[in-house]
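The following blocks contain the structures, represented as structure tokens.
Presented sequentially are two complexes of chain A, the first with chain B as partner and the second with chain C.
Right after this comes the complex of A and B.
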């Protein structure tokens, strides 16, 4: 079965970093990318993100499908900006250099193209960081990390157990779907969309019932082994912060501070090549 | 010495029930004892176990009278978590019990909850993993493990707590026979090494007795019916009265007209003293008739040179070929993951074979869609919960006809007729949720039967059922098979099922067909049994022990004799009823 966007064990220094470090990096990185429109910073971030992505030895097949999906959104986003606000570039940069005219109020301006370019670059700073975070962080270790930064261990464990049971539920879904298809419930392209949606209930109900049986067993099993006994718990997969972690955190914080300082140095978060 | 577990005049009633589930239980279990608890479904044996591990009354509440002491302490004072330090429970559903994302984490789960420092956890997990032989699997995810391995991990997961009592809830239910044998052996080793008190709840008595137990406690209708050594118990008729299956060799010796004596040590066939019984068993063999040969019938389902693989170069099934005749009852057996389910998926058309052909009544089924095949080949899944999607019984059974646009009048007539066959007619207007598990199973069979299939495939039709429900389901299937002439194929690892109810066994091991023969022959052939993770039947050893040189014929005659007796009792019951 294809394992899209799921953790894969590999031996790189990024994999060895603690989940806390990667979480901090991920959050600060996204925050910086969201705040800044400084093209110089954004380009630097893309380059760095790609380097990190390369180091993490993430393979195309792990992320390719999701990447394509994000691209669709990106294209949609870019067009939406133009359709709803063709003069966004002028509003931001103050000048208006028309390249050519399309129709009505729709001109193509240099400023707009530059603005859209920045939006696209922003996507490309975040995408590798998200992928890298998801495929290099062990979910259990991530749960441990969340707990370490103060999130209740119930939340961390809920995530971890959901990941544990997703493959089981998927398998069960396929089995039930097959059996219902054999009974004559059409789930293939032959049936109309509406009847397919209606037919889904014949799979969902049995799936819910058999999952409920499972939940009962799991919750008993967890209680019998002392889950929820104390306010705190330790984690087998937890990682202590190492020298590299501190270095990585220090770098991330420093980078964000410098990036934001440069961005806001002239009082605007946009880099303006037009004046 | 103080007992490890002591029930005194103990009764328990679930809050939602009128009658107590356990009554007047007086039971002492000493430290280091190994005790087997048997009883039919609904006898209260699971409730008894829940009282020991604390699920009663902490998760399932109710009224308790009398006293219970675990390790000398009152469970009410210890609480569920306190008890979990003394009693470790290995649940029947090892899949559900597996909580961690990897083996190591699952073993460490109890330690994590107890705030054990990480470094200590590493040491402890390694040590326990070594003990149950899963050290190589520490990094693996649950879906990469076999049933037996999962069970070992479950054991390790409760043993990290250094518990005094290990409680096994039907440890054999989800395992193939050979793996089950290994599980019983492992439990035995643990008890010997760690001197842990062991409670095993199981209704497969013969398999559970693969290794010595000190005592067997028989629970029936909420009371303790017997509390004695295995040797003593096998002499009596208590098991039969309670609807628990005796070991087959014991039944056979009793059929031969012998009274069994405890001093001959009947607990294990291999070590039982046979002097007293040998001649009588041989006599019985000589005068009993075997099964009449079945007349030749035309082919119903034929498979020719079938290959299947998901990934090229890694075949799941190779060169499978067999020919099932009309009206046969056939079992497909083999160890978990040998390719049995893949085979049924291919027959039903969920997957396409890489090579080879499947014929139904001599016609290639390849051009038929899943839906079209479903009208001729019905598939009944293991758990009725995996199939039932309508709240009302009538609608559920009618579903297959409704989606095919059968006129309403005809639907009504066919559903009623099917419900009558399945003994569900009185419940036709009931909601499904009001039915017992066994009745739900019938509903799921009825919902297939209503389409008048020619072949019916059942996946583990009796999994998790006790002897009475097993007999009920299987007799029902036999009846359908005989009266309606439907060909029945069962995927199973229950050896009793294949021996008693099927004419032929198709044995698959590691993707290859390794035997296609009568079950009696398969189960008396050591090579095949080993390869397919089956266990040769104790009738084989009995036959050899009595100097009968044709053990498979012995098994054959035993089954024929059993069937004849079953028919007689059924007739007698009908007479008394009428």
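Right after this comes the complex of A and C.
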């Protein structure tokens, strides 16, 4: 089974924050990091994200496997940008300082390297935030808290069911896959594209049918217990927002506003050291 | 068309999202960077076709965001929204496919595939590159190639696997639910 990020119980003030606070932080953080290309802001964000990551006492073994995968994607993306558009840096920053020439239209320019550096830093601002959100948020508490701040409990419940059943469905997937492999069906890259699709369907069909059964069983059980009868419901894991939550939200909002104000102060989202 | 949103839809979103996330594990490479044939798209199309647009949209959106976060540690928002849109558009015609009633015949297969091709075209050739340019300011050429790759990959996997899933489930589901409830 592939290693995925999941919640682990620990006792730090980040773990004690409401899931909603962490969601607001996560979304605003992503938004800020998406909008800004200001290197100064991005570096500040990386440092802050690493500090938060450290405080949440997340260990390498919880996130290491996923982190390596991200790196592979990152390298891919950086090369793809260069291959498709070796002059992207010039397009963005306006100047062109050639460091050395490779072949044809492929020069290595200072502007390109700086642009790619920004793309890489962008990744590194978001990764710790995603890790922190996933490994410190208790799914049940998260669903309950969503409802507490006014989100419809149907949505809270759907998210809660999703998080609850991911490991189950994943386990079932692995089981079916092993069974099919034992019957001699090739799942790896050795098979051709069409036969890989066909072989994949030998896992997906049983998985879909059992999942459709699961949907029936779970929804019948919920109906029997009177789910959806009343406009409100009570939660076991629900938490009210507390002082620390408000402080964290205030900090996040303030940070995003200041960061975006600095970014767009000169009318462009890029920080340009070349002029 | 009437929108149904009851217990079954809530659970379908939950279990469907879990299914989508779990299937993130299978990615068949197409040769274009960061672009893969994704069987999870076929599953999402199937769920949208059975349970309607809301389930389709939420499973696409939430499943993509959660799946990417859990497996890859980063969320590529400009590709999350189009995924929700695909689920929404395919789901709009859920009543016409009549999968649970065993009515997924030739006409429904054509409608399903027209819907999925239109949905994927809007999502990956238009919406995703536009969002990518606005949000991430990456080179346009690269985004268009990636968008076209995703479009081809998705219509292929939804067209083959998605259609097979709908047809297969329709045949089996029909046995137990050929009676429909009067409103």
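The definition used in the following text is that the second predicted complex is superposed on the first by the 210 of 275 C-alpha atoms of A that agree within 3 Å, B and C clash if a C-alpha of one lies under 4 Å from a C-alpha of the other, contacts with A are read in each partner's own complex, and residues count from 1 in each chain.
Operating definition for what follows: a residue touches a chain if its C-beta (ideal position, glycine included) is under 8 Å from a C-beta of that chain, and two chains touch if they have at least 3 such contacts.
Worth saying up front: this structure is predicted, and the values here are computed from it rather than measured.
Asker: Have a look at where A:63 lands relative to chain B and chain C in the superposition and call it first, second, both or neither.
Answerer: A:63 contacts chain C only, not chain B.
Asker: After superposition on the shared chain, which partner residues are touched by A:98: those of chain B (first), chain C (second), both, or neither?
Answerer: It touches nothing on chain B or chain C.
Asker: Between chain B and chain C, whom does A:159 touch in the aligned arrangement: first, second, both, or neither?
Answerer: In the superposed model, A:159 contacts chain C only, not chain B.
Asker: Going by the contact rule set out at the top, does A:247 touch chain B (first), chain C (second), both, or neither?
Answerer: Touch status of A:247: no partner.
Asker: Considering only touches as defined above, state whether A:258 meets chain B (first), chain C (second), both or neither.
Answerer: Neither partner.
Asker: In the superposed arrangement, does A:201 touch chain B (first), chain C (second), both or neither?
Answerer: Once the two structures are laid over each other on A, A:201 reaches both partners.
Asker: Per the contact definition in the header, classify A:151: touching chain B only (first), chain C only (second), both, or neither.
Answerer: Neither partner.
Asker: For A:180, is the partner it touches chain B (first), chain C (second), both, or none of the two (neither)?
Answerer: first
Asker: Which holds for A:223: it touches chain B only (first), chain C only (second), both, or neither?
Answerer: both
Asker: By residue count, which of the two partners contacts chain A more extensively, chain B or chain C?
Answerer: Touched residues of chain A are more numerous for C.
Asker: Could you tell me which stretches of chain A are touched by chain B in one complex and by chain C in the other?
Answerer: Shared contact residues on chain A (touching chain B in one complex, chain C in the other): 160-161, 163-164, 168, 201, 203, 205, 209, 214, 218, 222-223, 227-228.
Asker: Would you tell me which residues of chain A are touching chain B in their complex?
Answerer: Checking each residue of chain A against chain B gives 9, 138-140, 160-161, 163-164, 167-168, 172, 175-176, 178-186, 201-203, 205-206, 209-210, 213-214, 217-218, 220-230, 232-238.
Asker: Please give the residue numbers of chain B that touch chain A in the complex, ascending.
Answerer: The contact residues of chain B facing chain A are 53-55, 58-59, 80-81, 84-85, 89, 91, 93, 95-102, 104-105, 108-118, 121-122, 125, 139, 142-143, 157-158, 161, 345, 348-350, 370-371, 373-375, 377-379, 381, 383, 385-389, 399-400, 403-404, 447-448, 451.
Asker: If we count contacts the way the header does, which residues on chain C are in touch with chain A in the complex?
Answerer: For chain C paired with chain A, touching residues are 5-8, 10-19, 21-23, 25-26, 28-29, 33-34, 37, 39, 42-43, 46, 58, 62-63, 66, 69-75, 77, 135-142, 145-146, 157, 160-161, 164-165, 168-169, 172-173.
Asker: Where on chain A is chain C touching in the complex?
Answerer: 2, 4-6, 30, 34-35, 37, 63, 66-67, 69-70, 73, 76-77, 79-81, 83-85, 88, 91-92, 119, 122-123, 126-127, 130-131, 133-134, 154, 157-166, 168-170, 173, 189, 193, 196-197, 200-201, 203-205, 207-209, 211-212, 214-215, 218-219, 222-223, 227-228, 269-270
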